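Every chain is named by a letter (A, B and C) in the order it is written, and numbering of its residues begins at 1.
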Amino acid sequence: MSVLDSKVPGGPIEKKWSAHKNNIRLVNPANKRNIDVIVVGTGLAGGSAAASMAELGYNVKAFCFQDSPRRAHSIAAQGGINAAKNYQGDGDSIYRLFYDTVKGGDYRAREANVYRLAEVSVNIIDQCVAQGVPFARDYGGLLDNRSFGGAQVSRTFYAKGQTGQQLLLGAYSAMSRQIGKGKIKMYNRHEMLELVLVDGKARGIIARNLVSGKLERFSGHAVVIASGGYGNVFFLSTNAMGSNATAAWRIHKKGAYFANPCFTQIHPTCIPVSGDHQSKLTLMSESLRNDGRIWVPKNMEDVEAIRKGTKKPVDIPAEDRDYYLERRYPAFGNLVPRDVASRAAKERCDAGYGVNATGEAVFLDFASAIERYGNEQATMAGMANASREKILEMGREVVKAKYGNLFQMYYKITDDDPYFTPMKIYPAVHYTMGGIWVDYNLMTTVPGCYAIGEANFSDHGANRLGASALMQGLADGYFVLPYTIADYLADDIRTGAISTETAEFDEAEKAVKDRITSLMSIGGSKSVDHFHKRLGKVMWDKVGMARNEQGLKEAITEIKAIREEFYKDLRIPGAMEEFNPELDKANRVADFLELGELMAMDALTRSESCGGHFREESQTEEGEAKRNDKEFTYVSAWEYTGNVSEPKLHKESLEFENIKLVERNYK
Amino acid sequence: MSRSVILKSSIVKKYWMALTGLFLCLFLVGHLLGNLQLFAASEEGRRAFNEYGYFMGHNIFIKILSYLTYISILFHAIDGILLTVQNKKARPINYVKNNAGANSSLASRSMAILGSIILIFIVTHMANFWWVVKMSSKQMPLHSIVYTDQKSGMSQDLYITHSGNMLPTAYFESSEMAPAQMKIKNGTEFYSAEGDLLIGEGYKDMHSLVYAFFGHDKTKYGFPENKLALWAVIGYVISMLVLAYHLMHGFASAFQSLGLRHPAYTKLIKGLGTGFAIIIPLLFAIIPIYIYLTK
Amino acid sequence: MKLTLKIWRQKGPNDKGQMATYPIDGIDGDMSFLEMLDVLNEQLIHKGEEPVAFDHDCREGICGMCSLFINGEAHGPDRGVTTCQLHMRKFDDGDTIYIEPWRAKAFPVIKDLVVDRTAFDRVMAAGGFVSVNTSGNTQDANAIPIAKADADKAFEAATCIGCGACVATCKNSSAMLFVSAKVSQLALLPQGQVEARDRVLNMVKKMDEEGFGNCTNTGACEVECPKEISLDNIARMNREFMKAALCHED
């Protein structure tokens, strides 16, 4: 097994990034004008990277499969963005954010990257405010903060429940400015289907124009992949319908190692599945756990009565309720990290206490918060004799001001009014910590090919803390990649424009064309979704919240079988060279069917529990995740060998010089 | 402001619509105040109205305002037509099913058609009154009264001049016996036939013109009977209804177009607009009904 | 639930389209409108017919991609939701549902129910930004306090998802609500005020060039907007434009 070079600079951790910036090479402004950079994806990472690099002077070609860069799924992030500003004066610091993130990630992240992330987090807030992002403010006109899981300070900046939207629109506006100047050439409704290598370097991509269906060639001196995570392998997830792993998987098959593919985050608070027709799952922000209490009934009779509809949740007295998070984790209570909360919900539902028809739901109850806020309001208004109804009414108003849009969303989807009855929630796939392996410069193992944002693996270890994804995406795009990419591009100032009329591009385009033609010509009987749903079920059942050796082995076999059937019995209507959403999906699902297998293999190799990866064989007596630092303090990076089922494992061992490895404890 | 912006921008077009529209609202108020005097059917009322009419026709400020009004009407109409044409072009294919009633008022969606009806009304209205008073080559009857001598019981018709003198209308009539002693020149001026001396000036009898137009009685003072008076009343009332709808949206809309919107005042403006849209056309419409019913 | 769907089918941008009728059965009230269309498409594929093309992505009401004109209203009969958040319980058994694409000259149809909304991107590129570079060398985020009321108003304007329902709903296909939301957001914040005049002139100019109609204040956009963006923003843009146009020097 080869040793991966993470290129982490030497020196004390708090000096690494500034020293590195001082030492890497630059490209002068005149030369930047002669350099093209391809950016695939326009979410927080891709959008901010494209805007920043265009601002610096590079010619950027940006790609997204949606009809506008503003629609990337970063837009759906709700809760907030962390930054070590310490505006609240509650003891926050860069070090604390760094520490919380490494601990939250269950000590499977690269220290130097995380420290840099915490360091630039403060710039993000400055930058976004300068761009006109309307963060929440207090009555003094200064920025407000709230708390998120896994932290003991208030460092989360937010814009109601739409922080991702506001940040993305900020990045999109920065992009728009460069598009208007002609420095970014935007390709909407284009999907990258192949990476083109010239002399071993990333020099271009083949993309399909999703409107005309034609394959198009694009060249660049570097290629940046910012295409997000791969949660849609599970079919049902909080990802957008179009979110896919194709760009990442394509570069993987051209030599980029895929790191920690089994690290997926299951978010504890999502609206449960309501039926077979379900196409996606909707997240209810983690911020709700600030005020919501999670419970299931203590008694089986009550569970059954609720399922039958003969009893309402509000009718169950407090002593018959099991607030299991408060019971198991008294110190953090309902604000334990996501992986812990998810597993606890699964544990209760597996034991038979799920509160909906499918047995896969728990209550998230705001009744006590409403009453508490109501009393507070009554006291403030000097209403000593307010009726209970009046108090509850005032309490609901407070809750509405905090979470109004989430409550409305829940109501529209479920037709239940969460102001009066507890929400039903259940964990769902949300984020993937794993991704393309990158070094400290965010470059993959393919020279000139970079991966940023959720598409890479770098900063969150085995579990991501709430409000850290936005931070990482923007940090990579605005403040890290624009510096580090110059170090590579400094060699390209004399290269000149890269022609797309070369044997390498011919070959790459032919490969894509052959792949699509073979898909189109299967002429089977089943739709893409049929296979995708089956894959998702296997993944959820066996590579989901809890995994074991036998299940993972079965999953590998089953995924292979589904893949075989896919290539025998798939039906794609229409033609290749036209607007054909079914073909778009087929391309993506074909890659999911391969990636799913790798995820299972990675999960099988890592026979410890850590963060979001829970191996049933490795748990404490109380059922908590049990890490095995001796054997697994490494990043697994998988190399494609030409056969999907026989990837080669490389290990980047993780050195912790600044943080001592201890068991995560939220009790 | 650059010329291209004045001419081309969609928002500037809206400013013009709003400004001319609001000016026309002011005009409506002024016009209505004048018209309300028509409720006075008595001789004094008639005299007052005709004197008012003379004033309106001969005051320089009123003249400027009236030209502004003409320009506003023209601009409002032309701009409206331009906007409508552009708006139609912006949606070349219509919806098969459009449930517009769920999101907007009928009035707001019908401004162009309502405006067109109002324009037709303005044209006929001006033909019926403005043309007769100002432009027609036919002599408009002047204000005259019937004087009955109490002793003899004889009565005669007399023109009234600005200075309060009276001139028997008989002087202006020629008979087989003798030629007319006096004549009317320039519409309202009384001249002696002999020596061509200006004796005085009379008032155009607009009060009677209106009463003759909307009243169904045989009239005096030189106006023929309007056999279509009922239709005139109906047409007028319908037009006022149309105006009411137009104002119902137009009044508040003008404020919105000019950016005059504030959470604290929006309700007030809407309320004012609704009130204006109901009260002004209603009062306008009552006058011909009153005339028709009383005469 | 049994329904009759009348859906606009159009092969490509230059083809003539027409309404087609599809009966559908077994629809559950808990399905979202798009999941109902998924069911239809699954059936069409099974029968060897072309599925209905429609835009969608996040399916949680925030990306702004879904765009259907349902029974004569943008995003259907429910209020404050996008098509993907519209649920079938809003319909009754036996209903006939008309599904059409956004209609506007500036939004040409690509296929079936999919339209091209890049005109919005071009309006944004004309000025929907603050010209600050992305270096991070800006002043501290708390250096300029912003009144909470202004920040909140700016936020409300900024929640626009750019779906185009305002254009689709407006009888004039006007984009005023969309454009004014961005103009308002940035005009309300000190960071955006520096170039407020150029911004409003440039964005309105581009909006006009793209072939959107004029605003006649019907207020339909505000009613159908899934994010309930207020007409206040249009009034604010009218004000901003007047200020800018009166003071502009060319």
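FYI, a residue touches a chain if its C-beta (ideal position, glycine included) is under 8 Å from a C-beta of that chain, and two chains touch if they have at least 3 such contacts.
Not measured: the values here are computed from a predicted model.
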Determine the set of chains touching chain B that also touch chain C.
-> none
Pair of chains joined by the greatest number of C-beta pairs in contact | A-C
Chain nearest the overall C-alpha centroid of the shown protein atoms = C
Could you put a whole-Å number on the gap between the CA centroids of chain B and chain C?
-> 45
CA centroid of chain A to CA centroid of chain B, Å | 70
Euclidean distance of C-alpha centroids - chain A vs chain C, Å | 26
Can you list the residues on chain C that touch chain A in the complex?
-> 12, 28-32, 34-35, 38-39, 41-42, 44-46, 48-51, 53, 55-65, 78, 80-81, 85, 87, 89, 110-111, 114, 116-118, 120-121, 124-136, 138-142, 145-148, 151-152, 154-155, 158-159, 161-162, 185-186, 189, 191-192
Touch list for chain A against partner chain C, complex = 48, 51-52, 55, 66-73, 75-76, 85, 87, 120, 123-143, 159-160, 162, 164-166, 169, 172-174, 176-177, 179-180, 186, 188, 211, 238, 240-242, 274-275, 277-280, 282-283, 408-409, 412-415, 478-479, 482, 525, 527, 529, 571, 573-574, 578-579, 581-582
Where on chain C is chain B touching in the complex?
-> 6, 8, 19, 69, 71-73, 77, 98, 100, 103-106, 169, 171-174, 201, 204-205, 207-208, 211-220, 223-224, 231-232, 234-242, 245-246, 248, 250
Contact footprint of chain C on chain B as seen in their complex = 1-2, 5, 8-15, 83, 86-87, 89-100, 102-105, 108-109, 111, 249, 252-253, 256-261, 263
